[in-house]
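Next come the structures, one after another.
Next come two complexes, and both contain chain A; in the first it sits with chain B, in the second with chain C.
Here is the complex of A and B:
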């Protein structure tokens, strides 16, 4: 993604913030939509579009869990493992998915299709155990079989036009 | 006591109020109309009279907080809505945003009128993408109807709301960390004072409140602060949403009048109770950052003072229930993992201390514990973390573990010597 494209995206919202620094996070989220993570070129483009240094932009991006500085799979499977989900079997769901994908715990599948990760409370404890694909709907309560069905369905889908992480 | 709906007006009507037409039909924007007809000082006084306390966790009186904002500073004044809902066990704001978004928008506009603000921000956690979409649509519709825009708060009194999305950081629910994040920085808490009321967003006077707090304002303004203040006990009037999760049959949100419902009624009558034959072992009644209480405290009325009376806090109202199949040390370890992950790293006692907590509890659970030495080490650790940091995350990490150790000492000692196998989770589907 180029700096011009990012600037164009930011233009209508610039007046909403007293300091252009506030545009960095929206810019990062937007830039991440292209490849699903933030390669160095995207980071430079964000820096150029917002007028801050690359080092500063990276320092911001590196603070947030949902800004990815390393490549991730086409879909990120976020399994909530915080207390309410744990009590209802999130560890078993996680293990089941990892097994199904042939992963040894967290990580990305060899075909680059899925990244599986444990995440902290996603505010859907009434749906525990729950899973969130990218930043989509919080899905639950899940049984292991539901999780594998969901994964099979995702595998058949084309890559999204924009990645919402 | 049954549920009583003030912020969950959609439940009163049995359907989501996600279009402006529907919200208006049930009395939407009458609170704002009434507020605009009053002077801002009178509205501030109404907040104060209502007795409304902050619903995000700290429970600070909302009217007092709003009255701390200095006037005529020559700087803009901001209202910020904290929709970063990340406290484990808490999902009450999600429902307001999903099903009653206009009441939140109206509440923000009322607060803006009271403090003289032209631009407010809703900081919503990045994980709430679906919810942000609902809010975005509601904001657009409100703008189209003129409740936001150049004459939102009366002729020539502009007001608008910007939706700002976080990107995955629990700490951004802490108000000063949230402001840092909104300013385009790493979300690390600030030294207080100055408090946000004086020097908040961009160094300007800022009123920052939780979603549930702001959503309570429209009914307070329309039905009157005295009506609200008469609900529940004198010191904590009004209603509160409790999010019940964990080992209950009907997890979900329940809005009740404070002081009139006991914890047992919430868990058993509203949230469906436990599986047959199971007993309550431990409850974190106000999110995971509060001291845990045991089965002996279930008859406590749900209000700020009564919960403090049994050694815990009402907090965010995220009520996590664990039955007698659960292992308390495993639960504490899981929470310690959470706080370690979410510590922003600014203050050493928290950055290092949460790691120590996780390590010690982890080896205990895995059967690599060092027996009584680990118990002693835990006890020595609490005071080295608590009260030594800029924000409350560290206290929130310590309180559940410290209270659990006091309440379930024998189990801690046993696990420190023998470990704790993973218990079978609850797999029953929620009822209803």
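Here is the complex of A and C:
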């Protein structure tokens, strides 16, 4: 992803942000769409496109759990572990998925297909315990068996053209 | 940006009626009447408050919840309570949270005993911990750089260091990574946090998270004394504090009560970590006498008598040469000594730039560094404040952040280029920029021009034109970026530069030469000096460090350094400020003023002064620029000396001949102290030649090749750096390492000169 492409993407929204710092987040998200994470080159492109230093851009990126500074799987499984989900058994769901994927806690599967992580509240308390795939569908309330089916379905899908994370 | 009339507001804080100007934050309004509101992140020198730490919570009647006193401005009839039960409980709570992951390792923390976190916890904190959970642990300490150590466990995420890096030094290096209890200060690249000003983050850090590596575990606060003084690293004259333990200088810091008209509390890393030079191998420990018996050490007392004997013969013609860093008292007492010896009054001269053609510039109204904040144009004319008077860069950046247009004119790339307007001139061709300068000045009312002494002295024609343009610009003022620390003070005493002393020596007119912290053989036209000195019967060298003269001198008198002596230095903005001794590390050495007074006594013609304070009072009475000053009036912030009177100057010829124009560069990070101080090993700048890529190509050389550089005044073989920002047709001569001669390539008046630069074949490199 080049700085020019990012600038082009930002152009129509520039006027919406009084403080240019606010452009960094949409830029990061856009850049992340390409590879599903933010390699250093993308970070520099964001810095160039927004006019901030790489250091500053990285400090913003590192603040957000969903900006990935390391490569992640084709799909990211976000298991909510905040109060409602936790009370309704998110630990069990998490452990079940980890087992199924052969992971020891959070991490990425060897085939690069899935990354499993715990996240804080995703605003789906009414569907607790809930899991979100990338920044898309929220699935819940979940039983362990549902999670297994979901994963099998996802495995069969082709890689997305752009990652939405 | 004319200053607004101050509207006063009346409010009540803890039952006291308080008046404060509009815009004042509650924390300052309270402090003005002696009420302390605890703070961590609040630091007005870093910009607008950010309310990051929540330490300053207070109760304001009628406002929902508690307010952060650091970012709540006063309002009429506000009723504030800083110590009500609710406020106290909140402050308590914030401290408890700040300490939740804090390791409480005060006994092994360098900050312990001078730590705001410790002090505020004692005053405002809960007194005991309720935390049973395990704390976060991180590897520690991490080296943020060879100079700055980071202890992540102690950091309270107050943002001060990050704001300094981002918003004051504007180097963009330091950031926060991650968040919450994993938050970490780091550079994005993972590279060391190196720059010209990094040490200020240590002064700013309110806890022991950032500490000085060279000061690590060196002393505890109850074993030290702190002495306010002034840095003699460059003509900026930053106020500093010297930390002494066991008669050794252990640390230098910015002054906790800054001089807002000078450095605003910031100092550069060269100033901060130059002190290990005091203990360098080449420090002169005691007096040495060379006579018929041979070369031997003598007690200083005895040596003073010997010096007097050498100076006494009535027919002797005496010269006294003052170096680039001596106090005005030393200059004055040297003149007093000069009046008491030999056949006629001695020739007393200073090493430095004659200043022909600078009279008009110097006659312009002067300004102080804080005037930059209220200027409507800042023009940097030649030189490179970023490398030669580093803290000036911070003041210029601040003005720019406040909306003052900043224009940088000259042949050198500077660190300001990226954020300011640049008018690049060919070396020696500042005249080409005169039209642009006039246009910039046009219509301004509060323009301030920072002009470089060395560059404009080399172009007297341009200097006069610019001075004329400024003289007709309403409100335009000037600050001279002086090449030498002693320059402004010694000039105010009427001591002129050394060119005619060299001529007198060459003509056989000097029998005894006294040098005071001056080694002309290492300076401009060093070879000519060296040859001329063969004809001087007796050389008395007064110096702190070994020099090229030490082996020629008949008598060597060891001197204390500016960190060890009392006296006055005049900054580039004309501010006379007091040095106060932090220690006296060389036991056998004395301050120059002591030595000079001692010699006059042994001559039998004593000066009446016994202390530098008395000498200063006497010089102030005799020399108009210092009129009305004494050590009392200079006490804390110094005082500005009266401007020099314009004298018509003879012009000097421009650099003729063939070859590349020499652009002399004297970065403080490349000076003798930087090379003597082992602490600065990772950031010091080697003596070298810089060339533009085209010039390098022409010669077939690359970075790190060695080149021979020859001028009519001498020759040197130096390492090369190719830099695409440099101008073609020029050789940038970066100087300062006392072990590598380079300054001798310049003429004695440091005027313009061209050099022949050639590649050095590997086999002719003799080292």
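As a convention for this text, the second predicted complex is superposed on the first by the 165 of 165 C-alpha atoms of A that agree within 3 Å, B and C clash if a C-alpha of one lies under 4 Å from a C-alpha of the other, contacts with A are read in each partner's own complex, and residues count from 1 in each chain.
As a convention for this text, contacts are C-beta pairs under 8 Å (C-beta built on N, C-alpha and C of every residue); 3 or more make two chains touch, one makes a residue touch a chain.
Note that this is a predicted model, so its numbers are computed, not measured.
A.B. asks: With the two complexes overlaid on their shared chain, look at chain A and say whether chain B and chain C clash or fit.
C.D. replies: Aligned on chain A, chain B and chain C clash with each other.
A.B. asks: Is A:7 touching anything from chain B or chain C once the two structures are fitted on A? First, second, both or neither.
C.D. replies: Neither partner.
A.B. asks: Have a look at where A:95 lands relative to chain B and chain C in the superposition and call it first, second, both or neither.
C.D. replies: neither
A.B. asks: Is A:59 touching anything from chain B or chain C once the two structures are fitted on A? First, second, both or neither.
C.D. replies: A:59: touches chain B and chain C.
A.B. asks: Go through the superposed model and pick first if A:146 touches only chain B, second if only chain C, both, or neither.
C.D. replies: In the superposition, A:146 contacts neither chain B nor chain C.
A.B. asks: Decide which partner touches more residues of chain A, taking chain B and chain C as the two options.
C.D. replies: B
A.B. asks: After lining up the shared chain so the two structures overlap, which partner does A:48 touch, if you call chain B first and chain C second: first, second, both or neither?
C.D. replies: neither
A.B. asks: Between the stretches 347-355, 365-373 or 401-409, which region of chain B is in steric conflict with chain C after the superposition?
C.D. replies: Stretch clashing with the third chain: 347-355.
A.B. asks: Residues of chain A that sit at the chain B interface in one complex and at the chain C interface in the other, please.
C.D. replies: Shared contact residues on chain A (touching chain B in one complex, chain C in the other): 59, 63.
A.B. asks: For the complex, which residues does chain A have touching chain B?
C.D. replies: Contact set of chain A toward chain B: 13, 16-26, 28-29, 59-60, 63-67, 78, 81-84, 86-92, 119-126, 128-129, 132, 135-138, 141, 143, 164-165.
A.B. asks: Which residues of chain A touch chain C once you look at their complex with the stated criterion?
C.D. replies: Going through chain A, the ones touching chain C are 53-59, 62-63.
A.B. asks: Spell out the part of chain C that touches chain A in their complex, as residue ranges.
C.D. replies: By the definition above, chain C touches chain A via 166, 172-179, 187-189.
A.B. asks: Using the touch definition from the top, list the residues of chain B that touch chain A in their complex.
C.D. replies: 76, 85-91, 93-94, 119, 125-130, 160, 162, 164-170, 181-188, 201-202, 204, 243-247, 251-253, 284, 288, 318, 320, 322, 326, 330-331, 334-335, 338, 341-342, 344, 422, 425-427, 429-430
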